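Below: the structure, in C-alpha cells.
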Amino acid sequence: MTSAAPISALTRGRAVSEQVMPGLEAALAAKYDQYLPGFSEWQIATVYGGPYDRDGVDFKTRQIATVAALAALGQQTRPQLKIHVRAALDAGWTPREVAEVIMQMALYGGFPAAINALNAAIEVFEEAEDV
Amino acid sequence: MTSAAPISALTRGRAVSEQVMPGLEAALAAKYDQYLPGFSEWQIATVYGGPYDRDGVDFKTRQIATVAALAALGQQTRPQLKIHVRAALDAGWTPREVAEVIMQMALYGGFPAAINALNAAIEVFEEAEDV
Amino acid sequence: MTSAAPISALTRGRAVSEQVMPGLEAALAAKYDQYLPGFSEWQIATVYGGPYDRDGVDFKTRQIATVAALAALGQQTRPQLKIHVRAALDAGWTPREVAEVIMQMALYGGFPAAINALNAAIEVFEEAEDV
Amino acid sequence: MTSAAPISALTRGRAVSEQVMPGLEAALAAKYDQYLPGFSEWQIATVYGGPYDRDGVDFKTRQIATVAALAALGQQTRPQLKIHVRAALDAGWTPREVAEVIMQMALYGGFPAAINALNAAIEVFEEAEDV
Amino acid sequence: MTSAAPISALTRGRAVSEQVMPGLEAALAAKYDQYLPGFSEWQIATVYGGPYDRDGVDFKTRQIATVAALAALGQQTRPQLKIHVRAALDAGWTPREVAEVIMQMALYGGFPAAINALNAAIEVFEEAEDV
Amino acid sequence: MTSAAPISALTRGRAVSEQVMPGLEAALAAKYDQYLPGFSEWQIATVYGGPYDRDGVDFKTRQIATVAALAALGQQTRPQLKIHVRAALDAGWTPREVAEVIMQMALYGGFPAAINALNAAIEVFEEAEDV
C-alpha cells in the first residue's frame, strides 16, 4: 500500500531536479532519448532520486562535495563542474567558499586540475554577477 | 621584524598539523628526509600551512571536501583517504555523513571507486569504535 | 496497479543480480546498510536494474565492455575487475577473448594498467579451472 | 626464411589501418614525422599490426571494447573516441548499441565521463546521417 | 636571525618564476586573488619556491619530468603542458627531445594521451619557430 | 637482406630488454603466453624495441621521464614504478634525484600519488642497499 522506495526514486528525483535545475529532464530527453530510450528518466532517478534526495547529510554539503570531486578529477568534467558550481552557489555557498575548496584540490588532484577548475568556476561567478 | 606570511606557513602548518595529526611532521621527517632533505617541512608548510590554515571556508567543510575528492580519485589514494576519514570524524562529521558523501561519489568517480572508498572508511569507523 | 518503471528497477535489478551474482544484495546489505541505509537497494536498482537490464545491446557485450573499461581504468578497480572477468566468462566469453580485450587496453590505459589487469584476470581464470 | 612476426606487424598494420581508416598513416606521417621520425610507422605497427590484427577475439568486439574504455577514461580522449565510434559503426554496431555501452560507463567512469562521451558519439551519429 | 626557510620559499619562488615565466605572479594575482586572497603567493611559494628551487636534481631534468607527467595525465592538463613544453625548450631541451618523451608516454598513459599531448607540443614548437 | 625496421623492433627490443631487465621476455612468456599467444614478443617489440630503443633523447632521460609519469599516475602503477625506479638507478640516477622528481609530482598528480610513489621508491632504494 505504501509506495515502494523505487517508485519515489523517479518521482522524488523529478522533484529535486526541478528545484535544482529546472528543465533538466526535458533537456536530457530531447538530447539523448532518441538514441537511448529512457536515459533521461534513469539519470533523474539515479542521481536526483538517489544521493541528492537522501537524508544522512544535508543537501548543501552534498553540493560542495561534488564541486571538490569534480575539481580533483580535472578538466574533463568541466561542463558538469560549472553546473555544480552554480548549484553550490544556489545552495548557499559563497564564491569565496567554492574557490577555497577548489584551491584545496591542488593538493589532491594537482595544480593543473585546480587551476583549470578555478577558471571554470570564475566563469560561473561572473555569469552570476551579470544577472 | 614584520611577520612575513611565508614564515607563518611553516609555523602555522605545524600548529594545524599538531592538532589534527599529532606527530605527523616527525613521522614524515623520519621516513623521508634522509632521501629528501626538507620534505617534511615543505609538506607541512604547503598542506597544513596552506589550504587547511586558510580562512574563507571552515575547517570542517575542508575535511569533507577532501574525503569526497579522495573517494572519487579511487583506490590509489586509500592510505590518505583513511587518514582524512579519521580527520573528518575528528572534525565533527558522523560516520553516516562521511559514508553518504562517499556513496555520492559513485556518480562522479564510478561505483568501483565509491565501493572501495566505503570499504576503507568502514575500517576507520570500526577502529574508531574499538577505542 | 500501474507497473511504474522505477519499481521494476529494483525488482528487475534483483532478478538480474540474482542470476549473475547470487547473494550480492544480501552481501551488500550486510556490509553497508548499517552505515548507509538502503545502499544495497540503490546499487541493485541502479546497476542491475539499470544498464545491465536494458535492451539495446546484448548482455554478453555489456560484460566485455565493462572488463575493457575496468582494465583501462587501472589497478584501482581490481576487485571489481575480478568480479566482471568472472561474469564475462559466465556470459560466454573465453579466457582468451577476455585476455585479448585486456591486452588491447595497453593502447588506451597504458601498459601498467593492462598488465595489472591481466594479472587479476589470470587469478580468476585459475580459480575457474580449479572448480 | 620464415617471415618473422615483426615484419608483418608493420605490413599487416598497414593493411588493417588502410581498411579501417584509409589515409591514416599518411596523415600521421605528415603531422608528426618531422618532429618524431618513424612515429607513424611505430603507431601503425603497434596499434593496427598489434591488437587490432590479432586473432582471439573478433574485430567487431575489439571496437566496442575500445569505445567503452575511451568513454570511461573521460573527455580527455574525445578525439580518439569519435574516431572509434565511427569505427564501431563501420564494424557493424548500431548507434543504439554504441550509445548503450557508453551509458553503461556512467557506472564505472562516472556520469560526467558518460555524458561527455555521449555528446561526442552523437556528433558522430549525426555526421553519419548526413552522408 | 637567519632567514627561516619559509620566507625564502616565497622570495626564492619569485626569483625562479620571474626567470622562467616573467609576469606569472602578477597574472595569477590579477585573475585569482579577488576570489582567493593570497592564492598567487601560495602558488609561487609552493611551486617555484618548492620543487623547482630545490637542489638534488637539476632544473633541466625537472622540466622534462613535468612534461612527461603532464602528457601521461592526458588532455585535461593541456594548458599547463603547453607552458611546460615552452619551459622545457627554454631549459635547453630540443623539440625532438620533448617529442620523444611525449611519444614514450603512449606506453604509460595510452596513445590518446600521447597523441593529444604531441598536438599541444607541436603548437608550442610552431609558435617558437614564428618568433 | 633488407633490414626492415619492424624486424629490428623485436630483435632490438630483445637486446635492450636483456640489458635493462635480464630475463624479462622469458618471464612474460611464462606468465602470459598461454592465455595470450605472442604477448611477450609484442610487449618487448613495442616497449623495448620502441621508445626505449629510439634515438632522439638519451636512455637515461627516458628512465626518469617514466618514473615521473608513473608517480603522477598514482599508486595503481606501483609494480611498474618499482621496476622503473630500479632501472633509473641502473641508468645512473641517484636515489636523491629519483626522490626529487617523485616529490615534484605532488604538484601534478597530487600529494597522495607522490607520497605513495615515494614509499615504493624507498623500498627499491633499501633493497638496492641490501645488495
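Chains here go by letter, A, B, C, D, E and F, matching the order in which they are written, and residues are numbered from 1 within each.
One rule holds in what follows: a contact is a pair of C-beta atoms (placed from the backbone, for glycine too) under 8 Å apart; a residue touches a chain by one contact, two chains touch by 3 or more.
All values reported here derive from a predicted model rather than from experimental measurement.
J.: Tell me which chains count as touching both chain D and chain E.
T.: A, B, C, F
J.: By how many degrees does chain E turn when fitted onto chain F using C-alpha atoms, rounded in steps of 5?
T.: So the copies are related by a turn of 180 degrees.
J.: Please tell me whether the contact surfaces of chain C and chain E are same or different in residue numbering, using the over-half criterion.
T.: Counting shared over all numbers used gives more than one half: same.
J.: With centres defined as the mean of C-alpha atoms, identify the chain lying farthest from chain D.
T.: B
J.: Rounded to the nearest whole Å, what is the centre-to-centre distance of chain B and chain D, using the mean of the C-alpha atoms as each centre?
T.: 40
J.: What whole-number Å value describes the gap between the mean CA coordinates of chain C and chain F?
T.: Roughly 31 Å separates the two chain centres.
J.: Averaged over CA atoms, how far is the centre of chain D from the centre of chain F? Could you give it in whole Å?
T.: The separation of the two C-alpha centroids amounts to 26 Å.
J.: Distance between chain A and chain B based on Cα centroids, please, to the nearest Å.
T.: Averaging C-alpha atoms per chain gives centres 24 Å apart.
J.: What are the residues of chain E that contact at least two other chains?
T.: Correct list: 36, 42, 46-47, 50, 54, 56, 70, 72-77, 80, 96, 99-100, 103, 106-112.
J.: Can you name the residues of chain A that touch chain D in the complex?
T.: Chain A reaches chain D through residues 31-32, 35-36, 39, 42-43, 47, 70, 73-80.
J.: For the complex, give me every residue of chain E touching chain B.
T.: Residues in contact with chain B: 4-11, 36-38, 41-42, 45-46, 49-50, 54, 56.
J.: Sort out for me which residues of chain B touch chain C in the complex.
T.: Where chain B meets chain C, its residues are 74-76, 95-96, 99-100, 103, 106, 110-113, 115-116, 118, 121-122, 125.
J.: Mind listing the chain A positions that touch chain B in their complex?
T.: It comes out as residues 46-47, 50-52, 54, 56-57, 61-62, 64-73, 77, 80, 96-97, 99-101, 103-109.
J.: Given the complex with chain B, which residues does chain D contribute to the contact?
T.: For chain D paired with chain B, touching residues are 72, 106-112.
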